[in-house]
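Labels run A, B and C following the written order; every chain starts at residue 1.
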Amino acid sequence: MILKRKLTKYVFLPTFIIGIYLYNPFDIFLIGNEMSFVFIILICFVIEYFIEKSKNGEEIYMRPIAAIKAMEEAVGRATEMGKPVLYIPGIASLDEIDTISGLIILGHVSSMTAEYESDLHVPVAVPIVMETAKETCKESYLKQGRPDLFREDMVHYITDDQFAYAAGVNGIMLREKPAAVFFQGKFYAESLILAETGNSIGAIQIAGTGSSSQIPFFVTACDYTLIGEEFYAASAYLSGSPEMLGSIKGQDYVKVFCIVMILVVFINSILFNFSLMNFNITDFFRINLIK
Amino acid sequence: MKRQLAYFVVIFIGFLALAGHFINYPPLNNFIDNDATQWFDIISGFAAFLGVINLLQLHTNKLVYKRKNWEYSILTIVSFMLMIVFGFFYIGMEGIPRGAHLKVEGTAFYWMFDNIYLPLGSSMFALLAFFVASASYRAFKIRNFEATLLLISGVLLMIGRVPIGHIIPWWMSVEIYICIIFALTANKFSNRKNMISSFILCLVIIPLIIYFLNITHWNLFKIPEVQEWIFDVPATAGSRAIMIGIALGTIAQSFRIITGREKSILGD
Amino acid sequence: MFNIKNIFIKLGQLDRRLIYLLVSLSVLIPLLNPNLLQLPTKTTKNTQIVFDSLNDLKENDKVLLSFEYGASTKPEIHPMSIAILNHLFSKGIKVYIVSLWPEGVMMAADAINEIVDSNLFKVEYGIDYINLGYKQGGPVVIRGIATNIGSVFTQDVHLTLLDEIPMMNNIKDVRDFDFVFDLSAGFPGNAEWVQYACDEYKIPLSSGCTSIMVTDAIPYVESGQLKGIIAGMPGAAEYENLVYDYLNNLEYNKFMNKNVDIKPGKATSRMSAQSITHLLMVLFIIFGNISYYLTRKKNN
């Protein structure tokens, strides 16, 4: 019965949806986006499957990520030293997924600072992010039962300009000398300026970004770095809820699928180039995300 | 109720944006492609007022109550007011319409951009040179395998990327490789005298062998070619891998948000 | 022997302020005296691909040039933009300038003014080039240019309606351009041009960007979605040299004013500074490692 339900939900249903899209009755779907639709449906159902599995009690093993474990230590260190925690949610606006991830992690960090009663300082570069960050911190402090510790000027706006923001944050670091600095969000060229200044004041630094070009700078200058998708998984990791952990497992299985596809395409390209095969699989994978 | 409404808005807009890319309904497609982003731009534009008010409030408070470092707040407020005056009121040139004066050379705003903002922006970016120097000096140490890999590729890229890399002769490249190999294996030698004598022997013999084998033209002995290979092969592979990982992470994160599972952003 | 060891250990523990001083001197001295050290610049494969792609264009072809950099990255990208504009004007190519960064408008104006002031080419606004100005929105603007340019730009930077400009006749979307060149220092950048416009409509695209962005752009170069890339200041110096040699070797060019000297660009003169600084950093790294090795041995 359970197997039948699972088969219906995770095999027949996505097949049916994909079939409807490919059949395209009454031209209700856009033409040219089939590949991206198929992959999005498959990815969503795989993630959903593992979310349900973990909700049903399956143990999900998560490899320890040093940077995430170090977050609590960093806040604890700041509390012991009586110095503030500086949290930088990147310089991009709320339409970037990195900023959203950064704000989600801010929620967890602010819970920790509320619990440990340490000072939190969040300078932001975008006004709309300021409002969201303020609400996130307020809710976290409220949830921890410490609304008295929340201050309105905890989260404040500096400037939109990239390097002026970096200069402002550097000034804050050099004057306030925070014991822990978090760089969690979207960063560009100012990343090394911020990280090196944080290093010079002796703060423990934990960075996480989806900007692949800035990761080497953070790896060099920070104590811990969340690389690539570890940053997006951090929020799930920190929450510890089975649903979130299940989604990470689903994501990993999708990655395995991508690896298999890369190998298949690689082998097919070699065979096609040496005329051992007539079918070129790369013609099949023409992705048109936007029509 | 407020929380439920927020979740509903997030879920609804998330699925609407997804539907806009796949459903063939021109008003929806147009909304998602053009209008939605413009709505966001308008909202974030108005949110700029909040930022400005917050900035002024913070610094005025600091100034009035003479909190720590209140002197810097004077500078912030004065600079802010100056830009408002030159941006909105004082043009400094005859015959230029308001609005266009921001881009026309000779106006007061353009002067401030050219003579204050431009040098300040360039100086901040130039700081990167110093920070890269101190970061590489501190971090590029043969501590473990990853740090060593970083060191070798960093050094080869730094030399290969600049014109000086092109004038390094093949034998110097060989000497550099020998130095790197001995730097990595130095602690494997039990006797320091043996290490130094092997090092000197290799420095002399290996280039001679390469010369007599007539393989001095190989790309391996040209640092710019090695640098290009590092760019084209391992760096591209790593970049692609991280891109794919980030894309998958983005999809999973977005899935959690639009299905209402990611509650931390709304404070849960 | 003991003294040499101590010297190396001390060299590996230099105060960062001394490092900053040495780096600033290594940059300043060659910049103040560019003739101090003249190093030959060899062209890399990717820069050559960009040059060849633009060189294949014909007179009256249309190129869309996107300025996406500001004051902070001007030293790296501005020399590229000057070299590109020189190359395009020497071939009589029509240049359409857009800016997706607010500062891009000023950078574009600076670049054009530099070309006009040099008197090397007889270019006229509205006939040889047009500046459509800045539009907020990033990828949305790129998408708008790709599908319907009129929905995004209605007037140029001088507030003239596009319908009144002859150069804009028959320009409806990105398919009406023969080439797109993107000068980017961040977001939106070459990836967005690939994703939202050029790859879908098969318009050749190339890019000049800061050195740090090259690793992100290389996958697109390898897959052919970007026709080469000009990487940072070394790339700018290479391109300047290519254009310099090309212009000097032209026997007759109706677009060029032969009485005006062709000057090599600024990036070329800055390469000696960059070379010395890189060498200095490599030396620091070597000393740091020797000191680390000796200190570890001492502690053991």
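Quick note on the criterion: a contact is a pair of C-beta atoms (placed from the backbone, for glycine too) under 8 Å apart; a residue touches a chain by one contact, two chains touch by 3 or more.
For clarity, every value in this text was computed on a predicted model and none was experimentally measured.
Chemist: In terms of CA centroid distance, which chain is the most far removed from chain A?
Modeler: Chain C.
Chemist: Using the touch rule from the top, work out which pair, A-C or B-C, shares more C-beta pairs.
Modeler: Pair with the higher count of C-beta contacts: B-C.
Chemist: Taking the mean of the C-alpha atoms as each chain's centre, how many Å separate chain B from chain C?
Modeler: Computed value for the inter-centroid distance: 17 Å.
Chemist: Quick one: chain A and chain C, Cα centre-to-centre, how many Å?
Modeler: Averaging C-alpha atoms per chain gives centres 32 Å apart.
Chemist: Touching two or more other chains, which residues of chain C qualify?
Modeler: If we look for residues of chain C contacting two or more partner chains, we find 16, 72-73, 143, 215-216.
Chemist: Could you list which residues of chain A touch at least two other chains?
Modeler: 163, 189, 212, 289-290, in rising order.
Chemist: Can you list the residues of chain B that touch 2 or more other chains?
Modeler: 33, 37, 120-121, 124-125, 132, 134, 136, 138, 239, 243
Chemist: Across the complex, what residues on chain B touch chain C?
Modeler: 33-34, 37-38, 41, 97, 100, 103, 105, 110, 113, 117-122, 124-125, 129-130, 132-134, 136-138, 140-143, 151, 154-155, 158-159, 161-164, 166-167, 183, 186-187, 224, 228, 231-232, 235-236, 239-240, 243
Chemist: Which part of chain B faces chain A closely enough to touch in the complex?
Modeler: Residues of chain B touching chain A: 18, 21-25, 29, 33, 37, 40, 43-44, 47-52, 54-55, 58, 61, 68-69, 72, 120-121, 124-125, 127-128, 131-132, 134-136, 138-139, 150, 239, 242-246, 248-257, 261-262, 264-268.
Chemist: Going by the contact rule set out above, which residues of chain C touch chain B in the complex?
Modeler: Listed in rising order, the residues of chain C that touch chain B are 14, 16, 19-20, 23-24, 27, 39-42, 44-45, 70-75, 105-106, 109, 113, 133, 136-137, 140, 143-144, 151, 157-159, 211, 214-216, 218-219, 222, 232, 234, 237, 271-272, 274-282, 284-285, 288-289, 292-293.
Chemist: So in the complex, the part of chain A that touches chain C is made up of which residues?
Modeler: 92, 162-163, 188-189, 200, 212-213, 288-290
Chemist: State the interface residues of chain C toward chain A in the complex, per the touch definition above.
Modeler: 16, 72-73, 143, 185-187, 195-196, 200, 210, 212-213, 215-216
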